[in-house]
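Two complexes come next, and they have one chain in common, subunit A, joined by subunit B in the first and subunit C in the second.
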Partner chain A sequence: MSAVAELRRYFTETKRWLLVPVLLLAILPLVTEQYFLSIATQAIILGLFAISVDIALGYVGLFTLAPAAFFGIGAYSVAKLVVDYGSSYWLGFPAAIVLAVVIAVLIGYGPIKRRIGLVYFVLFTLAFGVLVHDFTYATTWLTGGSNGLGYLTAPTLFGIDLSRTVPYYYFALLAVVVVAGLLYWLLSSDYGDVLHATRQNEVRMRYLGYDTDREKLIAWVLSATVSSIAGALYVATVNVASPSLMAFSLTGEVTIWVVIGGLGTFFGPFLAAFGLTIFESYLGAVLPEGYLLILGALFIVFVFVLPDGLVGLLQRWRDGE
Partner chain B sequence: MMYHLPLLTSSEFATYLLNGISQGMIIFLVASGLTLIFGLIGLINFAHGALVALGGYGTLLIADATGSFWLGLFGAIALVALLGLVLERSVLHRVYERPLLGFLGTFGMYVVIEELISFQFGDQARQIASPLPGYVSFMGATYPKHRLLIIAIGFAVALGIGALLSYTRLGMEIHATATESETAEILGVDSARVYTLTFVIGAALAALAGGLTGPVTSVSPGMGMSYMILAFLVIIVGGMGSFKGSFLVSLIVGQITAFGWLFLQPTYVRLGVFVAAMVFILYKPRGFFGKPEVFE
Partner chain C sequence: MLSIEGLTKEFGSLVAIEDLDLELEPGEIHGLIGPNGAGKTTTINLITGDLAPTRGTIMYDGEDIAGRSPTDIANMGIGRSFQVVQYFPEMTVRKHLRLASRDPTRTVLSAFTPRTDYTEKIEEIAETAHLDGRLDTVAKNLSHGEQRFLDIAMVLAMDPEVILFDEPAAGLNHSETEEVRQIFEDMRGDYTMLVVEHDIDLVRALSDRISVLHNGSILTTGPPSEVVENETVKEVYLGE
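Our next item is the complex of A and B:
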């Protein structure tokens, strides 16, 4: 066996190829300046956010228009504890997870148990998303209203000041790799197959004895929780939890990332979110208002011409060889 | 913050009532286009909000250029209807069998159109001059004439579309296609044409709503979104695909927003409407007037 074939086998048949992008991200601070690195920090966190939305949208086919609500719930959990109660930053993460689980169960149980159709699920989560945003805007005593909750920075851990750009980048990278790794492990297991099968033929899965409502609810809660973790990680990069973190436009953006990356492909949404966030920052210097326009046009092309997304495009290219 | 319940004078009562009706009429114009398209095609047309904004800006630009509001309004309606025709014929008719793609595709169109408007005209709100400035007084209240005009046009459109659906051949064909499209085709209905016409009518109604509301609420790139979210909830509570239902529920929502702020901040009134819609989706997904054959 030639060395090249050996190398290809080494990387493709196992999941070791995953180390390559992780290593590339790990050496990024050595080759870029501070400004780019702060954008990259946000980009990897938004990549995790896109993965979380892909679980609901791509794996189980629950078309949610509320991801920004959960992202914001995570961000506000951290900000509320740190800014208003002066408690530890680290307490914010368990708070964000618990709050997201509780709200996700409360919101998701009814629609999933009653098996409402796609259209109704879309509108139900749309109403919930707008509700959370408006609530945040209106309850000034709780959330600071339109000013939001600020100012907060990440604390010092083991003598490392996480509020600086490079340490926070590594902290965020570590957190994203750990959470995404756990999710990938979970979704590569039989559970991931159950989700894919449920999306493709729910009735047959029920005949086979699976409690599909339970599986969908678990995936929904998982998706909401990871969205919330991403929001909790994100808030320290902008220093303020503001209603824009739960705005409908963020839901729109993340949906676009997931579709462009490829529904149900896990890495595609991460890649699209990461790449497009970086692209946005570059475009901002040249054409500040053009980002959403280009994003929307790109999205239309993907929906009508390439509904399999970037990953589907790559697979087609590989299979064509 | 709670407000105390003040005793209303008759003139205040009349003002709130009329505000509620005119607000309800705008919601109805947006919702009626959505519900026609949804009831017939099963498409959640997210681009509808962008068509509302296009109607507003079209009216503004043509009215500024020609000095006539009416020319602006009808010009905008014609242009937006034409755009609807192009969108439907070029891409949308391909995704009717796939609701997820249809929803995503129209969502993309919404983003592109809204951003194009914002790119071209900026984000600040702009006012359209009303064709009927000034006020009328009755029952001791003075009331802007333009809002009365909105009410009149709203009722006229409701009657017109209602008659179209109930008494014309096209209306029958729409009903037939919505209920049993294959049988309707066997009986000689050109369903592709019915879909296209319905989509164009829906687009024209969106443009009418955008142009009419301009003098009252001003126009901005995001104007369609807030109306559209409210309209989605109205068509759920009224019953998906039910024209009568969306009319009645629009009026009710208009009254709730008009009188609600006597008791609560407007945002809390909105929150209440959203919660009500969520409860409806769960426990009464067909709303008040929805028919079982319409999409689940």
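Our next item is the complex of A and C:
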């Protein structure tokens, strides 16, 4: 076996290659400046957000236009408890999880059980997303309206001030690695295949004895919950929970990241979200309006030329095609 | 084993199945033939829960399963194949058979328990269904004939008691049809099977008994030699 082929095999067939990006991210604070690190923190969290959307869209085929709503629910859960109730920052996370689970079940149960079909599901989740976004404007007493809820920073943990850039970067990295690791383990089990198969042929799955409505509902709730966790982690990087965290533009952006990364590929959406968030911050300095244009162009290219995304491209490289 | 009485399915004013009685004996291969539109696929769809009957009972293991969901019926031990072959295009044959082998009622929490090893079972089924050597092939890259075998293999992996086959040889060439016949011969006695098929030679060769469906009702039931000699059957179906 040639050295190149051996290298390919080592990095693609074993899971050891996963240590490489984690280690690179771990040493990032040593080689970069504070500003970049704060962007990188957001990029890592948005990577988790993209994974959460991939569970619904890529794995089980639920095309949701509500991810930003759940991201915002997570952000507001933390901000509300800290800013309005003076409560512990850490309580925000269980609150974000419980709220996301409850709302996801309430919103998802009917449409999934009734099998309303792809188009109606898209429209239903769009309506929900818009409703939640407008709700934040309309309920100033609850959400702070257009001003949002602020100002908040992450607290001190074991004597480490998480409100500083480097400690929060490590905290976010650890949280994302733990949550993404658990998800990866879960989706690498038979359960991941159950979701993939449900997307590919739901009818066949039913006749194999699978309750596909139940599997889709679980995947939907899981996706919403992880989106909410990502939102809860994100809010301390911007210090304010504002309606922009629930905006449809964020849903559009994360959907494009998932497509560019590769639907149902887990790592692809993370990679795309991380890379494009960093790219956006650099581009912002030289061509502020250019990001969305480039994102749109990339989306078109990937849909038509590389529908299996970045991961599909890497797989072809691995297979030597 | 499976006993159907007075089964009727109406779609508005159209009566697709009318007062149908059918009994499957344990371990038999039961052919179900009839002209296009006679109600063969509708019968399978009623048994497997795809359609709810207007009237009638479908007794299985002492229970009336009429109107239950496809998921419930599959879990009770009734499997089916499809006229238009149904599979998961991006998955390997091995993954198909693993999904069909595992307990489908175990969902996300199954990830927290040790992974069951189905290797031996999967290899055995692949051999029975003439798919050995294709276990790591992605389903969309199989030939049409192999996709048919995969459909059969998936049903076998479910460990069902009763299997309903909806035209298992549709679209197959002569040698592939012969392979289907061999696969059924290997399965004979292990399962109770209802086979809807247009290839009359195949049905005759395989079936212990044949029922002829005409206008939604059973015209006659009996051993193949008797049924094909029946004058009414010749007239309405065999076109003689």
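Please note the rule applied: the second predicted complex is superposed on the first by the 306 of 321 C-alpha atoms of A that agree within 3 Å, B and C clash if a C-alpha of one lies under 4 Å from a C-alpha of the other, contacts with A are read in each partner's own complex, and residues count from 1 in each chain.
As a working rule, a residue touches a chain if its C-beta (ideal position, glycine included) is under 8 Å from a C-beta of that chain, and two chains touch if they have at least 3 such contacts.
Just so you know, these numbers come straight off a predicted model, no measurement behind them.
J.: Using the touch definition from the top, say if A:193 reaches subunit B (first), subunit C (second), both or neither.
T.: A:193 sits against subunit C, while subunit B stays out of touch.
J.: Could you look at A:209 and tell me whether it touches subunit B, subunit C, both or neither (first, second, both, neither)?
T.: second
J.: A:110 contacts which: subunit B (first), subunit C (second), both, neither?
T.: After superposing on A, A:110 lies in contact with subunit B but is clear of subunit C.
J.: One more residue to check, A:94. First (subunit B), second (subunit C), both or neither?
T.: Once the two structures are laid over each other on A, A:94 reaches no partner at all.
J.: On the A-aligned overlay, A:300 touches which partner chain: subunit B = first, subunit C = second, or both, or neither?
T.: Once the two structures are laid over each other on A, A:300 reaches subunit B alone.
J.: In the superposed model, does subunit B or subunit C contact more residues of subunit A?
T.: B
J.: Taking the superposition on A as described, I'd like to know which of subunit B and subunit C A:284 touches: first, second, both or neither.
T.: neither
J.: Considering each complex separately, which residues of subunit A are in contact with subunit B in the first and with subunit C in the second?
T.: none
J.: What residues on subunit A touch subunit B, complex-wise?
T.: Checking each residue of subunit A against subunit B gives 61, 63, 110-111, 114, 116-120, 122-124, 126-128, 130-131, 134-135, 137-138, 248, 252, 255-256, 259, 289-290, 292-293, 295-297, 299-300, 303-304, 307.
J.: Spell out the residues on subunit A that touch subunit C in their complex, using ranges where they run on.
T.: Against subunit C, the touching part of subunit A is residues 185-186, 189-191, 193-194, 196-197, 200-201, 203-212, 214-215, 218, 222.
J.: Going by the contact rule set out above, which residues of subunit B touch subunit A in the complex?
T.: Checking each residue of subunit B against subunit A gives 38, 42, 44, 91, 94-95, 99-101, 103-105, 107-112, 115-116, 118-119, 225, 229, 232-233, 236, 240, 265, 267-268, 270-271, 274-275, 277-278, 281-282, 285, 295-296.
J.: Hey, which residues of subunit C end up touching subunit A in the complex?
T.: 48, 69-71, 74-75, 79-80, 82, 86-91, 95, 98-100, 102, 104-105, 107-108, 110-111, 115, 154, 158
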